[in-house]
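The letters A, B, C and D name the chains in turn, as written, and every chain counts its residues from 1.
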């Protein structure tokens, strides 16, 4: 947090990239205000805003009462009058307590009134930490199915940094899903590219291949890459597409890749039924049907809540092994 | 409401079928309790519980304060101790204010604790009435993407009656989406079949055909049938599948039909991205890919809120004409 | 007022840290507002004109509903004293958040009635400055909004009071409702938060019905607003009924204003049919908010005059005697009686004000009705860019 | 007590309309409970034993956390007077809803401490009947639950206090927490609603931290409960801190108990470190609820003894002096001092109680640790059938 990290730096922890993006954007724009439970003196449950109170003061780094709906509503109202609020959910799961403000007030405001709502909600989500049913959920598709929201889900420090700054600059409500499992495990360079002033659809080919396309985001992109590495040793070349931005969706990029590889699988940590993997599969089956040479497969969490016990949890989250075996099936090997 | 309608009767209005199911189940089971805004003396915004206060008394027909979350929470707690609550949302859209209770308390309770939560929430949803952005939404996929809920969406009076009774008997939380547009427009016979004691997946072939399978629910099933009728005159035979139950999903029935017709389209009133149409398309493209002879198409609301102006609204909802033209495209005619 | 230079008017300065325009905080401590005490009938005359305009507005749309020209209408009849007086207590630069029975506040806040009906407020000193800008255009657009016309604020995409009107150059910041009751309370508090954050002395007021006091958002917003001492006034229009639900089935306390104690803020119950009483309470609340002393909860006691929405039978739930009592306590009758009894206005002038307001409304509605409906092929973006 | 016939025990009769077992409403009007007034030290002795058991329970798990044997622990140290005394005020058939610092209530409600530690409560008349059924089994399963073992109530699927225990034959109805604060308040009120609906005189109590009072569900549930006069007692364990947030950033009123006025129900603030004071307040509240007079809001004033969860640094936010004050006002010290000062217990007996509780916990934890972890291949249904 202490240094301006908008210039290139090597091997930044994912969690530090988030802190840096917040700090840099607060330095650049005095209308940026942080709100959340325990973010001030304590620096937040994950210490992402440690030191912020000292640097930015208690007017811009606001501890809130435990009131997600009220807090998000206040963020919305203030954003309509020139404030750029960034609201931290202590865990992504708690967003359900502020759901109505997001889907009915924030998401629809611009369409209804042509009044922008520049608002970011940070959502530390996902599993792998043995944190149980209410601290591990992957709920992005509730919001992807709600027109008017942008949704971001970075897998890398660089994207985490760049997209958080862009999200704050974007005049729309942006849900920024950050993955807790990656906080202290993912470490990679920040980028030097100038930060864009809004979130646009992006898909990025992390590994190109000829045999099958995979689409994933967040933690699952890392696991998919592990699987691709394993399969590569078996002579199977996977084209791994990461979606740092889920909405708007760059589906062109996905379709183009599938047209090349003729096979596709979507890997996500969210539960299967009604999830965003279905959306991607549906688009492929509408627009790339003639290219397909295998079923389009979703590799996901089963349709049940996250269990507390680590072994139980581990058995639910798509593993590199499970991804490999499903992809092999699709390739009929 | 006055007569026991569990026996066959001709041409019951959809809205009356709902009233009848509630009344018959309340007569059969004294633990059934209704809760909702204005449902007592006033009989509810749509008069579905008119006369109930007189017959069942104010202990079993409870006006609630305007507090969806509190009401649903109370319903959950009481259902764990022997009450069978049926909660009426005044409009489906207001469920967002009780969202957390449904997705985190009710949906997960059985999985977490093995304690059943027999609870029905009635959701008058859908558009076509010029009721604007907050009284017309189709939000079933928020709940279909939440493991632990059952979701019902009848298109006909008979299903409305049978499934509401079954929903009340089911030991799980059931979201019962009823379509406002059908209330006084759909009229068909109730069934004589005995009422099941739970909701099971069902798909029903309303019209069999050889050229393409359509999957729809609620109001859109009626519009799809209209389209099928038009196309039939052009020599195209559509197999129309209705889903009175969305969760659990009878996807076997859908797959079998697609394997026969080799083409599929899903028609829903909900917005497209991240919707349940994607789920059905994804299953088809995983399990029936080798049968497919055309892209799998979704015919839906565009990704935007429902406009107030009737003409604007009408231009958004899939019309029989639009369905026909999309299906013709898929058939390359 | 209408040809004021935007640059010298109550323009909002969006830079954080810049204090908001108009009076500095220390000037505003006198309570009630001088206008109310000094010229006893001045405020009454002004409120009368706007209340009458609001009444004629509603009567006109009620009639259109009855003749089928309108598909839905929520009447504000009976709420005018509360809404007009409240809007008299705020100024340019303040934010206003309304519900479905607040035409009085909207009309008072938006319009310079003298610009629309020249001479209707001849010798009255203003309680507050009228809003700058073009009142005629605003009134026409407002009417178009009610009628779902392209020229309305939402181009037909949103119904009646579900819209925003922001005219930054005049300090007009009006955020309309969404249907979900209670949802706008935190949003209103959020606009107050923006003012606080920007070092401005502007305030936010928000109207809700007593029904919305049962929502979680009521509590979450009031709690945060009180902890943060936001310049926020929440006005409960307690008309004793929520759709068909009486207060006895909505809450169990004696006075909703008592809930203020649970937030450590002032709570005031006031006769909402008495415009002068409301004005005084609101001026105190606004002064408090401007001074940085935080929110106030105001409970304005009203009575149900109409069904929940026109054409429904919800009025059947209201006992006849109770209804009659409310109708007898019509806030417009009250204000007119005071003006006549005080020898300020003649019955003839009262009639003339009514006539002029009525024809203004009729003419504007006629004009709006002749204007185009929205173009159904025109796309509308869900994202700002 | 453990071999009681289920049929004659406090069995819940699920038929609606059938009044609930045990005492009829008219018998319960004496307040405070006779045991508390008649045998001045009787209640204290009983509460002491359970408070000590709860304390040793927590100390043991804190230690396991420190040694890495446990991944997370929320300590109840300091809350025992409030939780044990509250559970002493209810009976079989009542429903209990707990949060993360309520081991005292759970242990008191579940267990017959004499069955676990024979003779530990020699001549004490019970404040309330101990729960019927097999205390040993329950204690072991509870311990397994804390440790994520297959034999725990959730078979490892849910963490620590996130489980339910229903033993209908004994009238044991315990609903654990979900993480989302405030969410269980309406659920608790819902169990009270079931009792009211069934014509039973049973009641529901629910514990929350002062942080959860800021949630919408707090308000919605209390409001409905008061309108419907539900037999519901909401106990706020106000330990002055929510994670790292002090009450000054959580609410702006003087006393949270004052919020009761806004619901038209009694609100009581009580020293939550004083078991006898809590017992008396809770017995009054329970009697009121059983008599059909509706909910009570109880604010038990406590102090933070530990970090939010073990191993975090949230205690750094608490000023040292403040922390010391809380630690000095340890509810167990208080109860032990009273017993010694009153000449009821010797220091040696106090020590013996502690030793015996500590070894009971240690032995049970050891036993639980040797029990199997959940089978990861075993499916678990999301639907009841």
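As a convention for this text, contacts are C-beta pairs under 8 Å (C-beta built on N, C-alpha and C of every residue); 3 or more make two chains touch, one makes a residue touch a chain.
Remember, predicted model here, so these are calculated numbers, not experimental data.
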Compute the centre of every chain as the mean of its C-alpha atoms, then state which one is farthest from the centre of chain D. C
When B-C and B-D are ranked by contacting C-beta pairs, first place goes to B-D
Provide the C-alpha centroid distance between chain A and chain C, rounded to the nearest whole angstrom. 41
Whole-Å distance, chain A centre to chain B centre, using C-alpha means? 31
Residues of chain C that touch two or more other chains: which are they? 154, 157-158, 162, 178, 180, 183, 214-217, 219-220, 223-224, 227, 249-251, 380, 382
So chain B residues touching two or more other chains come to 64-65, 67, 69-70, 93, 96-97, 100, 104, 107-108, 111-112, 133-134, 147-148, 303-305
Please output the residues of chain C touching chain A within their complex, sorted ascending. 12, 14, 16-17, 95, 153-154, 157-158, 162-164, 166, 173, 175-176, 178, 180, 183-195, 197-198, 204, 216-217, 219-221, 223-224, 227-228, 380-385
Which of the residues in chain D end up touching chain A in this complex? 71, 148, 154, 156-159, 162, 178-183, 211-212, 214-216, 242-245, 249-251, 313-314, 316-317, 373-374, 376-377, 380, 382
Going by the contact rule at the top, pick out the chain B residues touching chain A in the complex. 93, 96-97, 99-100, 103-104, 107-108, 111-112, 133-134, 141-142, 144-148, 247, 249, 270-271, 273-279, 281-282, 284-287, 289, 292, 294-298, 303-305
Along chain B, where are the residues that touch chain C in the complex? 37-38, 40-42, 45, 63-67, 69-70, 91, 93-94, 96-97, 130-135, 303-305, 307-309, 311-312, 314-315
Could you pull out which chain D residues touch chain C in their complex? 214-220, 223-224, 226-227, 229, 248-254, 256, 258-259, 261-265, 294
